[in-house]
Structures are given as structure tokens and as C-alpha cells.
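As written, the chain order gives the labels A, B, C and D, with residue 1 at the start of each chain.
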């Protein structure tokens, strides 16, 4: 042991420092001046990997349709797998911003990661377009001129659902969601609209994310016997919840409603259990919109699979950025003009045209959808051109 | 909470606890008999669930999928033991921890490469798809009861196996003293291989059994891993009975934690663990 | 009568239903070497483990200078002055002989809070270690790594480590096991040298050595004391001869 | 394993020089990366004190790192910088204090059990931050303004400045390294080494082994707290994930990768780990597959860690050599 104290083998580590620097640093020296550098920070591993891929596909489809260019400029991609790990988010964002010097940052799915990215983007004044994460704060207290979102805020679909459920004469409702800010914000948005219209939320229940042992809550719901249930879940948890809810026999007696993610990208796994469930979202199957049909065909041709709402959001991120570039002739250095052009843009989205609110969140139609034959079929427009209230945004 | 709700919650906790026992029993066997910390145990659970999905899709029948899946799991267990674990028995626990940590990453990425990253459902077999009406609004799926029955059956089989069979005798001897058993002319390497295969198969079987209820999704293995560790810590390393008691306790703590103190539900299980450790640092039961 | 240092009163230890020690009583006095004889499985090692605190007794009392120490942990007993050696060599194999003993000496003066001083800078501890090494006859091997010592030398180190803790009681579990004749002789000499200042309990198979050094001998059979007394009494005891000596040389463990 | 005496070559000054001069050549991102490696080195060294020098394989070390990081965020005023001399000792103290409480429980167990119990306790603390509103739940919490050191109106040190941050981390890396070296040659250090080598004998020699282990555990917790402090300051953001078992696994991996029981190994391990991650994730989407393969390979064929590599290569070239490196 004594000898162990004296043995210093630092040769390796010093050699390592010298070698290690040259390796990931390569892009730094291979900087091509005339391409626009796009940084994609999305989940490519873990729970949300499928979503990250869909967004990437959507974005790239829009670029392909522009002949590989946006605003007349060629595109160079830099990707980082954010692993949906918020702890690594600032570091990963810095990789793209400081190492790769990207002109625009696109990301991400997970709200916690997106919040951290937003902070970094505000500090470094990097242009950020968020293609999914719905945390209200991003276009609320954290809003900034350089931060845009092409998806939705948690508040939007939930608020619309509050109106729908009140219209459908439900009086007493129980809510259930994972206990994290996105879930809580969804419930808050729902509650706001629902109670304004005279309904009452009998009980708000939360379970720790990402716990999927729902049985105790279903038993609670059965004991409380509300008129209806509003939930927020997504991904694997959504699949299990919908199946458990059906298996517990509750679906027959107490109708289940949810924010759209309850049945998005999950219908194949949910099977018959999801049939008839009503959800609200800014996208639906069976929209009578030419742009949507064209988008779906093109997407299916390019990637051999059907697009989903995430692909649409990625596609629109590219479209929004293209609109900005068009306004400045492709010159990203004219930042204020670029941002102004993006603010004024009307995005011709597959979900229907939308504009941006002052806080840079889409002002969009929220659709009421019903699950039929493994599709989220459009029922009606639940809220026309719904704008997020952008509480706390000082811009 | 009225009395009938209370009873139903009790049933919920029992059912959850039994499933936990099934997953954790393989872990505790590998721990207790081979002295190996297997972090990849959750990955075997995940592997089982995905096998149930893929094989059901191929054969159209969950039962066939489970039979083929079990055969595959045994094979995978043997292979891993032969290729990797058998070389680590003389090494530190630390090396085992790291090896299995590396395996988690590998299994998760292989899953992504082979099956993809989507969420999939596994249909409940026709025969078991009914429900029993428990209260006015609530019914209980027969499949869940079936799962519990299978878990109880397996607990009994394991008890019998360890107590009354020659294999069980050798396993018990092997867990107390590797050298001595070797000296008695028992092929300890074979015993270890069998135990490891058994452990892997138990985890994978739990995954297959749970797949129709839980559906299959990326990262599902990591979710059960830690709770299984808590089961083993509370129950006592290597004790199958301890694992059963601990799993049932955790089922109770989790279920009623969610009902009584929903804000601290995630903590309930760990508070239970700390309490048990204060009382008995080596877990409730010490040996098989 | 010499000073009574350590004594066991009706001490028992059960493993499951089996008694490893049953109602054992014995006394150890300063300046006397108390040897314990008995066939394999007689409970001699259990006796030492009970006295040293490695095992808690199921019943009975252990008195150290009149104080009941039955519930004390091994380290507390050691600090109080009860040192022991092990039947299977139990040392720090990666350390030098000196460091083995220095560490043993350090246990008397923990100084754990002085983290900014070098361990080897405490002269008193180093002296104690060197004295112990000298006593055990290992001076020539002071700086050798313990793992490289011969078996006999490791047995000597085992003793040296106990000595470095300056104990008043020595519990020695077969210190001669596996030693060559020469090494045995020097160990016997060492034991004789140590006896005046210590109360020594010696568990040993080597009859010649035991009768050469022991002041009192206790013979144990199946966990119980068969007979206890001076060597002559034991040599002449019919019971002992029947139970034990009559069987001839006991085999090695 | 005794080695033949060989010429000692001390590369420490050289490494220090490289680290000190690095910011003059590196870009902003690489400065951050090196700062991160230095923080992880502090973290890995603290774990090495337990794993490599005391023989306590803790699988919950991220808890102390994370708790300290949270303490920085929770103790800082919302819109003003906190006082460095207040929050830094507070973070170290938090790490040590939590280690003390956890140690009281976990040090009652040994071996395989110890590994699991440390893991379970770390998970418990993880859930405290994950499930309760204390630190913002699963969403984490932000440190809006990083701490600074000021006397009167003059700001002496400001962690918001990347350059200053870099050099402060470097300074504390040196402090932690020297502290651990001194500790290891102190009576306490020798006693810990004795516990690693033969705990049972330490007990029978009269060492209150539990207290010694607790002292080591608390010290390691405090130094992990130091690393946690800098980690929170570097990115201004904490989430429960920083005390997850993955984090504990990663730091354990760094210790093994570099070779345990040598503080320098911790540095090599931290460096190799971060660089490998950087490299692989640039290479492929399935980079974790490569990471997993590296881990398995190191465990199977390189038990002494990377720092044993030159020795092994030498052995291979010269032929014979000692097989264990």
C-alpha cells in the first residue's frame, strides 16, 4: 500500500488531454461559412426516443421539401441526444451553442430539459425553437425575444377540455396526473376553465412520476363516483392507465377525458381500451386540410410510417425558422429582423394555419377528438384560435 | 375510506406485492446463493416483457410466447453465466456491480435496435379477459387475479424446490460454503449456472406475465430494479421467504401511502426500509 | 496468590441446539500461563472467542478486574487490555511487519483527529512497534511485506501485533500451529519470557510445549471443563487419560 | 502487490501546468468541459477514499453530491448572489452531515449488503427531492445568480465569470487532492487502510472500527459536497437526477476506470469517462451501447483500471511480467 502512494502514472492522463481535445473538437475547425448551423437537441435514447425521432423527421422533411435549404441557405445539422435527462441539459445545450456554434437550437420533448435549455438560450441569446415541451413558463415568465414554440402550452389543450366537459354537463370531476409541473399545469388549466363554467373538481390526485401502479387511484375513483375523470398521462404510462381504467370497469360508468397525449402515439398499444375516449389537442386525424393530406403523404413516402403530432411540430419548427430566414434573405446575423419576421409569420401547418402570440406560443385551434378504430378522429373544434394567457411574460 | 374500499385496496396491495415478489425472488436467489449483485435484473424483466410482445405478435398466443420465452431466457441466462459471470466469482462485488451496470446499457440499446422505441401493448388472452364485479362501479380483471395465483403457485414451488429436492439441498449447501460443497464432489459450477439461469428466467417470466397489464416501453426495467433492491434489503439477502414478506409489506406501504399521504407516496417504501434496517440491519430473514 | 485478572463464570455458548461451551469457569492470573487442552471440537476456540468478545456468550459472566464485561464489544475489550491472536493467521498482508505492529500500537492512542500529522511521525508508537517486533524475534524482517513472510514468521508477527497493543491479558489461539521445531522452541522461550508480566491463556495442541510452559492446565471435552489444575495433576488424572491422553497424539486440525 | 523500486516520475506539476495554462488556448466550451472533469475528479476522489482506501463500496455516493448541490440553490437568495464563504462551507457541511446520518445506518452492514443499502438510502434521498416540493420536485430548481465573494463593495471572486470559475475549481481540486494525501498518511488514513485490509483484525486490535468508518464516510461525504457545490454553480441548475443511482454508478465507474486506491486514478477515470461520453455520443445515436461495451470490457480484461494499462502493456512487451498488473 505504501508503495501505491508513490506511484503516479500521469503520462496517460496528460496524453489523454492532448488527444481528447482534438477529437470532439473537429467541427470547430471544419466550420463552413455559408451553411446555416442547426442544432437538434432531442431525446434519441430512453422513454422519449420515438418522439425525438419523429420531430427530427418532421424537421428534415420540411428542409427536404425546400430542396435541402431553408431561406435559400443550405443546412448543416448538429445533433445531441438529451436523454430526457434534465441534469445534463445545460451541458448538452452548451455543446451545441458553444462547441458547435449553432445558429438555431431546436429542442426538446421533456419539459424539464426544455426549461433548462430556455435558461441557457436566454443567457447566451441563442435562437431557440421548442418543438414539443409544453411547460407554461417557457412562454410565460421565461419568455424572451429569442425563444419560440411551435407546439402548445400545457394550459391550451387542458383549458379547452375544461370548456368541453362543462358543456357536456359534467358537474363533479376527479383529476389524476403525474406529479410534475407539466401534469400540474394541465390540471390547473383544466380546472380554470371547468370551474369558471360552473363545474367542480372534487379531488385532485397525483402520483409520483413515472410511477405506473394506478390500482389504488382507480379504487379511489370508484369510491368517489364522480361524473367524469380528467387525466394527464403520456407514453407508456398513458397506455397502462387507459388499459387499467378499462379493465377496472370504470370506463363504462365514468367517462374518461384527457389532454391529447393520453391517446397520441399510443393507440396501437392501448387497443380496444382506448375506443371512445375524448381528448383535446392541436392536431387530429381526419382534418379536412389540404396541407395536412400533402404532409401525411410526403411523410409516409419519406419515412415509411405515419406521422404523428410530434412530426407536425418538428415540421412546423422548420417552417417557422424558414419564414424568419425568408424575411432576412438568409442572413442570420440580422437577428432583430429575423425575429421580427418569425413573429409576424403565419405558419401553414398541417394542423391548420397558426400565428404566434406575443409570447411566441402558437395561437391555434384546439380540436376535440374521439378514439375510433385506432385513430384520434376529429369531432369538433373545441376552442377556436386559443391563445395561451402567457401569465408572467414581460415582453 | 369505507370498509369495502379498504378491502379492495388491500387486494390491490396484495396483488402488487405478489408481482414484486416474483421479480425480486430471482434477484434474491442470485444474491444469496452466488453472492452476485445483479443490477441487470431489471433488464431481464424488460427482456421478458419484450419477448412476450414480440413472440405474441408472431405466434398470436401469449401462452406459446411464454413457453418459448422461458426457453430463451434459460438459454440467455446460461450464456451470460458462462461468458461473463463465471469469470467473476473470485472477484470483488465491485466488478460485478460494474459488469451488470454495463449490461443494463447494452440491453437497453439492443432493445432499441431490435424492437424500436415505441410503446406496445400485449393482448390479454381471451380466456382470462373477463372481469369480476367488486362494487357498484369497480370490477377486477380476472387476469390480475390469475397473475397473483401464478405468483403464489411459484412461491410454493420454490419453497418445495429449495426445501425438499436434491437440487435445493445442493443450493442451500452452496450458499453457505462454496469450497466445502466442492470438496463434497458436488459440481458447484453447474449449480451456479442453474441458479443464475433460474434467476434470469424468474425475472423474465415476471416481465412476460406483467406485459399484458403493464404494456412494454423503453426504460421499464429500470423502474422495477430499485424497488426489487428494496425488497431484497428488507427481506434479507438470499431469503426467498424474506422477499415474499418484504414484497407484501412494500405492496401495503405503497398502496396505502398513495391513498393516505399522496404527496409522500414515493417515500413511504423507503421509510419502511429505513425502519426495518434500524430494527434488523441484515433484513427480516437471514437465510434461505 | 497472584492478581486475578480475567475470569469466566458459568459461561455458555449455544449454536442452535448445540452447546459449543457449557458452563465453563476459569481464572487467569497475572504472571501465570493458563493452558487449555482438548480434542478437536472441544470448544477451545469458542472459549477464546467468548473471552475476546468475538462471540457474545449465551449465558454466564466474564469478569475483568472485577468488572462484568460480558456485553463489551471486542474493540472495547482490546482497549481495556485483553489482546488476542488467531489460530488462522490474521494479519494485514499488504503491509510491512513494522506497519502491522505500528498500526496495532496506534490502537492504544487513536489520535484519529490529528489528520494533519503523519502517522509514522509519532515516535512513541514506532517505539512500541519496534519493541514488539524485537520481542517476537522479527527484528531482521522489520521492513518485509507481511505476505512474503514464512508461515512461522507470520505466526510470530501475529504475536508481535498483540504485544504492540501492550495488553495485560494474552489470549493465544494455537500460536505453534504449523511451526517447525526451531521456531517452536523460540516461541516457547518467548512465552516464558512474557509470562511474568501478563496473564496468558494458551490454547495449544503441542503437549510437550504445553507441559513445558503451563502453570495451570484446563482440559475441555465437548464444550465442558473436564478437569483443571497444575500440570502434574493433569498428567496423573485418570479422567483426563481416559478421555483424552489415552487416545494418543491428537491429529492436526 | 510489492513492486520493484523504480524511478519515481512525478507528473503532477506537469498536469497542473497544463490545467493552469489550458484556458489561454481552449475555447469557452472546452474550458467548461475541463472544469467539469475537474469537478468530477473531486467527486471521484471522495468516493475513492471509501472504495479504494477503506474498502467500502458505496453505491449511493451521488446522494451527498446532490444534497450539497441542492443546498447551494436553496440557500442562495433568489435574485442576489450568495456569499461564497457562506454557501461553500454550508454545502460541504450538508454533504458531511447527510453522510453522517446515512452512515449511522449503512455502516452497520457489510459487503454485498452495504452496496445495496447505500443504494437504497441514496434512492430515498432522491425521492425526498423528487416527490416533495422542497427542491422543486422532479422539475428541479434553478440558481439564478451564482455565489460571489465580496468584501464591502468590492467583488473579489465571482463564479458567474467562467474564467474565475475555472481557476477556483482548479484551486479547490488541488486543495482536495492535498487534503486527501495528507489524510491518507495520517493515523486515520492508516487505520482506514487497515480496515480495508482486515477489518476483523482492526476490531480485535482495539480500533472502534465503526467510528473510523464513519469518519471516513463523513469526510468522503463532505468532499463529495464540495464537488456538488461546484456542479450546482457550473450550470446553475439542479434536478433530482444528480442524485440518482445512475450518477452513483457513473462515479463508481470513474474510480474503477482509473484504478481504485490511487487518487490519480480518480482523475484519469473522470477524464476518460467524460471524454468517452463526449466521443461516443458524437459518433452514434446508440452511444450507450458503446459505453456499455467499454464498461464490460474493462471489468473483464482490465480489472486494475486504465492506470494499470502501461504496466500491463510493459508486461506484455517484455514478456512474463506479473499477471495481475
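Rule of thumb we're sticking to: a contact is a pair of C-beta atoms (placed from the backbone, for glycine too) under 8 Å apart; a residue touches a chain by one contact, two chains touch by 3 or more.
Computed from a prediction, not measured in an experiment: that's the story for all the values here.
Common neighbours of chain A and chain C (chains touching each): D. Chain pair with the larger contact count among C-D and A-D is A-D, by C-beta pairs in contact.
Of all chains displayed, D has the C-alpha centre closest to the centre of the whole protein C-alpha set. Seen from the Cα centre of chain D, the chain whose own Cα centre is farthest off is C. The distance from the centre of chain C to the centre of chain D, each centre being the mean of the chain's C-alpha atoms, comes to 43 Å. Centre to centre, using the average C-alpha position, chain A and chain D are separated by 35 Å.
We define each chain's centre as the mean of its Cα atoms; on that basis chain B and chain C are separated by 48 Å. If you average the CA atoms of chain B and of chain D, the two centres end up 32 Å from each other. Residue numbers of chain D whose C-beta contacts span two or more other chains: 2, 127, 130-131, 185, 193, 197, 286, 288.
Shared interface positions of chain B, defined as residues touching 2 or more other chains, are 108-109, 112, 263, 265-266.
For chain A, the set of residues that touch two or more other chains comprises 1, 45, 179, 208.
The touching residues of chain D, when paired with chain A in their complex, are 2-3, 8-12, 14-15, 18, 26-30, 32, 36, 127, 130-131, 137-140, 142, 181, 184-185, 193, 197, 235-239, 241-242, 244, 247, 261-262, 264, 267-268, 271-272, 275, 278-279, 281-282, 285-288, 306-307, 309-310. Against chain B, the residues of chain A that register as touching in their complex are 45-47, 49-50, 53, 179, 205-208, 210-213, 215-220, 222-223, 225, 235-236, 238-240, 243-244, 247-250, 253-254, 265-266, 268-271. Listing the residues of chain C that touch chain D in their complex gives 52, 54, 73-76, 78-79, 84, 86, 90-95, 99, 102-104, 106-108, 110-120, 122, 145, 148, 161, 165. Contacts from chain B toward chain A in the complex involve residues 1-2, 5, 8-9, 12-13, 15-16, 108-109, 112, 116-121, 123, 131, 133, 135-141, 143-144, 213-220, 223, 254-256, 258-259, 262-263, 265-266.
The part of chain D that touches chain B in the complex is made up of residues 51, 57, 59, 105, 108-109, 111-113, 115-117, 119-121, 123-124, 127-128, 130-132, 245, 249, 252-253, 256, 260, 286, 288-289, 291-296, 298-300, 303.
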